[in-house]
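Following this line, the structures themselves.
In the two complexes below, chain A is the common chain; its partner is chain B in one and chain C in the other.
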Partner chain A sequence: MVVTILTTYLITIEIGKLHTRRDIFLKENKATLSRDEKKAYREIIKAKQKKLLILCLFVDLGILAVLKYTNFAISNANAVLRLFHSQEISFMDLALPMGISFYTFQTVGYLVDVYRGKYLPEKNLGKLALFVSFFPQLIQGPISRFDDLSKTLFAEHSFDGRNVTFGLQRILWGFFKKLVIADRILVAVNTITKDPENYQGIFVFIGMLFYAVQLYADFTGGIDITIGIAQVFGIKVQENFQRPFFSKSITEYWRRWHITMGTWFRDYVFYPISISSPMLKLSKTSRTKLGEKIGKRVPVYLSSITVWFATGIWHGASWNFIVWGLMNCFVIIVSQEFEPFYSKFHNRFNLRGTYGFRLFQVMRTFLLMCSIRILDCYRDVGTSFKMFGTMFTKWRFSDVFQGALLDLGLEKSDYYVLAIGVVILVMFSLKQRSGNVWEKMENGPLLLRYAINIVLLISVITLGAYGIGYDSNQFIYNQF
Partner chain B sequence: MEALMNILQELHPEVDFKTNESLIDGKVLDSFDIITLISEIHEEYDVRIPVDEIIPQNFNSAEALYRLIERLQDE
Partner chain C sequence: MMKKTKILQVAAAALVTIIILVFLEKLLMPKYMTQILEGALISEYYQEKEKDHDVIFVGDCEVYESFSPITLWEKFGITSFIRGSAQQLIWHSYYLLEETLRYEKPEVVVFNVLSMKYDVPQKEAYNRMALDDMPMSITKLKAIRASMMEEEKFITYLFPILRYHSRWSELTSEDLKYWLKRERISHNGYLMRVDTKAVTTIPTKKRLPNYEFSEICYHYLDKMTALCKENDIELVLIKAPSLYPHWYDEWDEQMRAYAEENDLYYINFLDYTDEIGIDYSTDTYDGGLHLNLSGAEKMSEYFGRILTEKYNLRDHREDAELKKIWDGKIAFYNQTIEMQFSELELLGYIKAFNKKKEEG
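This part shows the complex of A and B:
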């Protein structure tokens, strides 16, 4: 992290100096230079800045690549070497710094923004280091933007009781999700997914639903804790979720789930690739060769595939995540292609907007996302697809009613807790639709507010999953 | 302006681009549309819209987008 911070600091300062030099030169020579001369000067400066940008990206992303992906590369190389019966390469013992993917992305975002001239570089090394290493978001994000976070991160703060109250409530809510729900249901998810020989068919379906609950409670709970801690200090961290499980399409889902990662990939990978010179050239060629309709899709889809490949591998150095990313891309492209059919269908049956159809869309998106997420759960891609298949070939509904649910490592009481917990989660999300729940609580009866907070606190203390097999220090996303 | 209107209309025939001023905020245009637009504008006006200009203010209305094209042509 120190290398990342120092390199980025020094290089962004140089890029900033070039911005200033360019602006002064163009201002001083405004009257004497022709349009072409100004353009040529801008291009000279841009070329110098680009070299610096590439150097910094090489260092920042290089560290991430070496530490995170070396062993993945070795395992793939070994698979090839095995085919030729050659000697295999031994794995390297590399320690992965906590939150490396998050702070690297945050730093790269800052670097690119300075390069694009969105804002001037931070001259105070301490402030830049604070931005990169701001502790609450180090574990699992959100991936903040410098111009957004710096507004409150570097501001002077005086004690604000409202911020402290809101922050503490948010932390409590986060712990409730994490300790009472996520860490409890995790036991059943692990039992099912670590034993694919015995748990197939309907158990894969149950595991898939349970994992959706676990991931949601774990990740959003962690982010609640992060935002809450920051809020106690008067610092505003960007929201990362917007009730994603109520999305009506997969594209909408990705606008509402892990928002800061989605916008990061959009701004720093998708757009730059899509509108780069080679892509614009390709767009022209593909239109002439393949016709207007298909031709213009080529660059968009090519960029999408690249982005989803990158998103997949960012999540983890394994083929499971790469295939997971590409599956997301596949569904998005297919739904994009089917759009004219959907329109025809809606024009004919006029169902769009009806409650029943919206509910169908929400359920469809949820189940689709759950199915793709199976790849997160099983040891390899082959097993994931096989298990997905068993949902259709080995479905025995009776299995569940013969006490098998109680063999998953959870007691009856755990299921009651989980059922109540999930109902609370759903109710909270429904309330959130018409505005911020914490502000509503603030304006509601004081007694109710106290009652809710006390119940949450007691639940976390007494119902939090602290026993053997539970590891509350681990968040699913901190491995990324 | 007419050429830009044609490009937009072809992308979303159902939208009234003369009056709509919240193409991004109202989620009319998504990132796929933006890429297609940029590529078509490049073809039509020989202007490259850089990534840092992809902000809601520049894409929220046909008028704003046209102003951006003119500004970039002048630079």
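This part shows the complex of A and C:
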């Protein structure tokens, strides 16, 4: 992290100086330079900045690549070497700094923004270091933008009781999701997914649904804790979720799930690739050779595939995540291609606005996302697909009603807690549709507000799945 | 004004939360009233109104099953209390003694040396039984530090609700009945068993790779010796007459040498079983691991004589106030004997010590 911060600091300062030199030069010589001369000067400066940008990207992303992906590369190389009966390469013992993917992306975002001239570089090394290493978001994000976070991160703060109250409530709510729901259901998810020989068919389906609940409660719970801690200090961190399981399409889902990651990939990968000169050339060639209709899709799809490949590998150094990313891309592209058929269907039957159809869309998106998420759960891609297949070939309802649910490591009481927990999550999300729940609570009866907070705290302490036998410190997303 | 009201509101809410948590903690903590009774032993000392004893015993099950303070009183007028707990390790014993000395200064402290064989914590459950009921003090904090297993968390000893929170789904009528007040189950730390299971076979002694007691055990034994000397208390080292776990000659030699070096009295009761009159076909309830009531009474009579003669302990039986207290204890003692025998006659076993049979 220190190397990342120092490198980024020094290079962005240089990039900033070049911006200033260019502006001053152009201002001073405004009258004497022709348009072409100005353009030529700008290009010279841009080229210098580009070199610095590439150097810094090389260092920042290089550290991430070496620490996170070396062993993945070795395992793939070994798979090839095995085919040729050659000697395999030994794995390296590399320690992965906590939250490396998050702080690297945050730093790269800052670097690119400075390069683009969106804002001036931060001259105070301490401030930049604080932005990169701001502790609540190190564990699992969100991926903040410098111009957004710095507004409150570097501002002077005086004690604000309202912020502290809201922050603490948010932390409590996060712990409720994490300890009462996510860590409890985790036991059943692990039982099912770690033993694919014995848990197939309907159990894969149950595991898939349970994993969706676990991931949502774990990840959103972690973000609630992050935002809550920041809020206690008077710092505003961007929201990362917007009721994603109420999305009506995968595209919408990705606008509402892990929002900061999605927008990061959009702004720093998708757009730059889409408007890069090789892609523009490809666009031109494909339009000429394949026709306007197909040709215009080639660069968009290629950029999408690149983004989703990167999203996948960012989530984890394994083929499971790469295939998971590409599957998301595939579904998005297919749904875009099917759009004309959907339009025809809706023109014919006019179901688009009905409650039933909206519910169908939400359920469809949820199940589709759950299906793709199976790749997160099993040890390899092959097993994931095989287990997915058993949902259609080995489906036996009777398995569940013969007490098998109680063999998943959860007792009846756990299922009751989970059921109540999920109902509370859904109700909370529904309430959120009409505004901030915490603000609504603030305007509610005093006794009710205190009662809710006390019940929440006591629930976390007594019902939380923590202590010996549990490892509540582990958030799913802190491996990324 | 607004600010003041807000502070009061928050304080009231915090108070309510703390009260609820305290009550919940009490509800969730194991009670050890009808099963695993040894878990309740440590807390019983704090219920004693008169904490002024001639003799304090510290150690594992070999002390709380081998000596009856009631017999010591009845026969010699000695007041005593056993601060024993299941598999009490030497650091538990040391800190329990250090803590006991905050309340009283006995004439004699008796330590059973079997725990010298353990130099690492053995099981979380035994830590809990020894430490959970100790009141909060610096001694308790040091005891926790010394006792914790790797997977245990310090904070869970400070706030046991963090350890026992998951018991909410296993609560029984016992938890409700003894939520706020527990009953006495021991007789000044003696856990009575009247049933008998004769010794039939004893597992053969295995050769050990190393018979040397470890440094950490000597460290605590030294501390215990020093603590007793500082407080002008006679420390007596004993080995109870349990046939199993084996007490090796090599261990015995080390304890003799230590006692001699530190001018302590050490007695291995295994060498005096005939003199004591212990009959392993009638005086043990589990085939020689622990003594039953008959064995414990014989042991107490024998040891009481030694204590009286060697340390000139006063006979308090003429003290009217003490007599009143101990008469109550004797009544409870006899009542327990009667109850256990009637259970034995009726069921063939004693309920509290046969969890499996009780659960069917």
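Criterion: the second predicted complex is superposed on the first by the 477 of 480 C-alpha atoms of A that agree within 3 Å, B and C clash if a C-alpha of one lies under 4 Å from a C-alpha of the other, contacts with A are read in each partner's own complex, and residues count from 1 in each chain.
Operating definition for what follows: a residue touches a chain if its C-beta (ideal position, glycine included) is under 8 Å from a C-beta of that chain, and two chains touch if they have at least 3 such contacts.
As the structure is a prediction and not an experimental result, all values here were calculated from the model.
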item: Chain A as common anchor, with chain B and chain C clashing or fitting; value: fit
item: Which superposed partner A:Asp267 touches (first chain B, second chain C, both, neither); value: first
item: Which superposed partner A:Arg352 touches (first chain B, second chain C, both, neither); value: neither
item: Partner chain(s) touched by A:Leu463 [first = chain B, second = chain C, both, neither]; value: second
item: Partner chain in contact with A:Pro299 - chain B first, chain C second, else both or neither; value: first
item: Which superposed partner A:Lys51 touches (first chain B, second chain C, both, neither); value: neither
item: Centroid geometry (CA): angle chain B/chain A/chain C, rounded to a multiple of 10 degrees; value: 160
item: Partner chain(s) touched by A:Lys151 [first = chain B, second = chain C, both, neither]; value: neither
item: Shortest span in Å between Cα atoms of chain B and of chain C, once chain A is used as the common reference; value: 40
item: Chain B/chain C common contact set on chain A; value: none
item: Touch list for chain C against partner chain A, complex; value: 6, 9, 13, 16-17, 20-21, 24, 28, 124, 151-153, 156, 161-163, 165-166, 168-169
item: Residue ranges of chain A in contact with chain B within the complex; value: 39, 116-118, 251, 266-267, 270-272, 274-275, 279-280, 283-284, 296, 299-300, 303-304, 336
item: Footprint of chain C on chain A - complex, ascending; value: 161, 411, 413-414, 446, 450, 453-454, 457-458, 461-468
item: Touching residues on chain B, where the partner in the complex is chain A; value: 30-32, 34-36, 38-40, 42-43, 48-52, 54, 75
